[in-house]
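Please find one structure pasted underneath; my questions will follow.
Read from first to last, the chains carry the letters A, B and C; within each, the first residue is number 1.
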Amino acid sequence: MSTIFGIPAPALFGQILIGLINGSFYALLSLGLAVIFGLLRIINFAHGAQYMLGAFAAYLLLTYAGIGYWPSLILAPLLVGLLAVVIEKTMLSRLYGVDPLYGLLLTFGLALILEGLFRYWFGAAGQPYAAPQQLVGAYNLGFMFMPIYRGWVVIASLVVCIGTWLLIEKTRLGAYLRAATENATLVQAFGVNVPRLLTLTYGLGAALAAIAGVLAAPIYQVSPLMGTNIIIVVFAVVVVGGMGSILGAIITGYMLGVLEGLTKVFYPEASNIVIFVIMAIVLLVRPAGLFGREE
Amino acid sequence: MAVDTQYYAAQPRFRTSAVVFGVIAIAALLAAPFFFYPVLLMSMLCFALFACAFNLLIGYVGLLSFGHAAFFGGAAYFAAHAAKVWGWDPLGAVLLGAAGAAGMGLAIGFLAIRRQGIYFAMITLALSQMFAFICLQVPFTHGEDGIQGVPRGELLGLVDLNEPLAMYYFTLAIFLFGFFAIWRIVHSPFGNILKAIRENERRAISLGYRVDRYKLGAFVMSAALAGLAGGTKAIVFQFATLTDVQWQMSGEVILMTLLGGIGTMVGPAVGAALVVALQNYLAASNFPVTVLIGIIFVVCVLVFRRGIVGEILELARRRSKDAK
Amino acid sequence: MSNAPLLEVRGLNAWYGESHVLHGVDLDIREGETVTLLGRNGAGKTTTLRSIMGILRLREGAIRLRGEDILGLPLHKVAQAGIGYVPEERGIFASLNVSENLTLPPTVSKDGMSVEEIYELFPNLYERRSSQGTKLSGGEQQMLAIARVLRTGAKVILLDEPTEGLAPVIVQRIGDVLTALKKRGMTILLVEQNFRFARKVADRFYLMEDGRMVNAFPGHELDARMDELHEVLGV
């Protein structure tokens, strides 16, 4: 068996793959955070809860309505996005113009409510959710076995990330979004319904989190606590990447996921904290973040 | 994010009523253990001091720390370890906890003040989460079990703190010490500069203040006082666990402060007492406490951002304005 | 062409927070007219435009477009009702390229110029259509800001200090553009400090001081009133 730096190659590649998968979720979640923050100037603490809701929506659709993975991949983000639209209309929209910290506190409260309710209903333990039949099994890549579902997650999240990036950079809606991020009042003075744009953006960000949740459901278990644990890491990812750039958020997500996976190989004790350590180093060397512009 | 306290300080009538209020409050605190369950009161006092320490940062410098659990829970571990393993005097153990929290505050604050606003909140949250992971892994915290069976010991070899009343008055003394320390800080020239930074950071910079040093100073003080509260809690409850270092605890102290009134002197203490009482009350039922805490958060942010004490002060201010 | 004003402002008061900045402003613009607001810095000219547009929300009084009150409309509906805005700071978006900047405002009627017509009128915008909006020179940015509202088919254009900070040759170019727009029957409310520029295009003038309209006169009286104007404007 071949080894790299004294580590058996399959173990190394296996951890890199796990890192890529975690990175996929970091990328999807920090992308959503960045899109929301860009326009609404709010850090969406409920992002983790929305990710959890995505996973639960898939689980509940399957358990109570017999709706499987593929329709859930569309339905769950729609449902979560819809809930986010309601949240934006009834609550967040009242906070535009006040200190952005209140937006953080409000969404933190919402996260506690959602997490608390699901914990109350389903307990803290995770619920299993099977991968769709088409994606069960593994490929032999020669140097390692790759579970098909994991490969799918990496590809699907890449497609969603690139799709979102294209939406923002290449479409008319994206142009509204970019312009409103710079000067929302002026964009509205040109006749664009900015309040609706804000609502849609929050819904879109939440839907991205929900897609990540559905993708995650077969890998991790569906658990009420899955959201908050990951969102704090994603905050660190966002600090490292800086929220000024959509592409930056995506790249940083994958990069830190892989780094975390590598740490599991070489120094497993530090794998939980490596992203935070990198955040600390970035703060020392380049406070604005790797892709950030100092505002 | 704060109520204008300068206005009240400038009002002579208000100052007298503040003194009267203070005397009544201290008298009530002295008499309280004869009417209420002392452990509950001590819990309230520890959290009240924690919230007041947190408020020093959010209320007077405008910095939202989402990682204060690290200082509170970290100090609890330090104090518990000192009292149990090293057999330190309880006061020494508590002070060690505060000193340890101050050291952590220096490290975390040094990194966090490099960014502002929302980023500051995220950085403090991430670093405190890192600390929580470390606490889970290093041996001296005993992982999931925590440090159990911490002896309360004898204060300076004289007073047996296993006596509930003695423990209560020790806790009260620490709370009052911490509270007046905060009061002194806020009303000192240093505190005035902090408020100037909160109002307009750029102007403070252009006036030649080394804003970062003031922020870091305030951060360390806030961490040390939060540590004082956490260390005391470890002695009172005789254990230190992961609960106190986790992000939920950082959220709770934010809620206490928000509910009572950000930027008011007594608001955080009032908020802390209410939240502790509520948790105590709900502990018996199976209603999910997290959900209720979340709801209070949402309601506070949407309908009364000034908090209970802040709203009362605002009402008083409007009345005195109308009276003129 | 009817004689009823296309845009009619009556007794407009406006506030920035607690400070009262417009005091009972009256203003009429008939279809096809170019009207210029004169006044010192801080007289309330820009504020008047921002109040008509609805960017400044604390207002009282009446603003009517073709007899319909637009004061109560949300900001984006004002533009949709047919008012185009060219802000003083030009408002070119850095994250959009020139062509994206140009096509950003939604069209509000069919009367707007097509992108081809606009590029014909502003050939250098065509050349630089894929550059980042803020990489343009000041003059080009101003052209782009004007071009942007021409595409939408707005009935009235609010133009805030289009010549500010620009070289004489570009000022002249902007003057030509405005003349061309007038020929097309465009209705323009212009704020301008440079009244040598304004006299070439304006049919009428309004004079503002301390948030009030203090005088109004037709364009041909400008020369006769020069002394008075120099005094009020302090130039």
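Keep in mind that, in the parts below, a residue touches a chain if its C-beta (ideal position, glycine included) is under 8 Å from a C-beta of that chain, and two chains touch if they have at least 3 such contacts.
Because the structure is predicted, anything quoted here is derived from the model rather than measured.
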**Q.** Central chain of the complex, centres being mean CA coordinates
**A.** A
Q | Far-end chain from chain A, centres as C-alpha averages | A | C
Q) What is the distance, in whole Å, between the centres of chain A and chain C, each centre taken as the mean of its C-alpha atoms? A) 44
Q: Between chain B and chain C, tell me the centre distance in angstrom, where each centre is the average of that chain's C-alpha atoms.
A: 55
Q. With chain centres defined as C-alpha means, what is the inter-centre distance between chain A and chain B in Å?
A. 33
Q) If you look at chain B, which of its residues touch at least two other chains? A) none
**Q.** Touch list for chain A against partner chain B, complex
**A.** 37, 43, 91, 94-95, 98-102, 104-106, 108-117, 119-120, 228, 232-233, 235-236, 238-239, 269, 272-273, 276-277, 279-280, 283-284, 287
Q: Using the touch definition up top, name the residues of chain B that touch chain A in the complex.
A: 1, 64, 66, 111-112, 114-115, 117-119, 121-123, 125-127, 129-130, 133-134, 136-137, 247, 251, 254, 258, 288-298, 300-302, 305
Q. Where on chain A does chain C make contact in their complex?
A. 172, 175-176, 178-179, 181-183, 185-195
Q.
With touch defined as at the start, can you tell me which chain C residues reach chain A in the complex?
A. 53-55, 74-80, 85, 87, 91, 93-96, 100, 103-106, 108, 148, 152
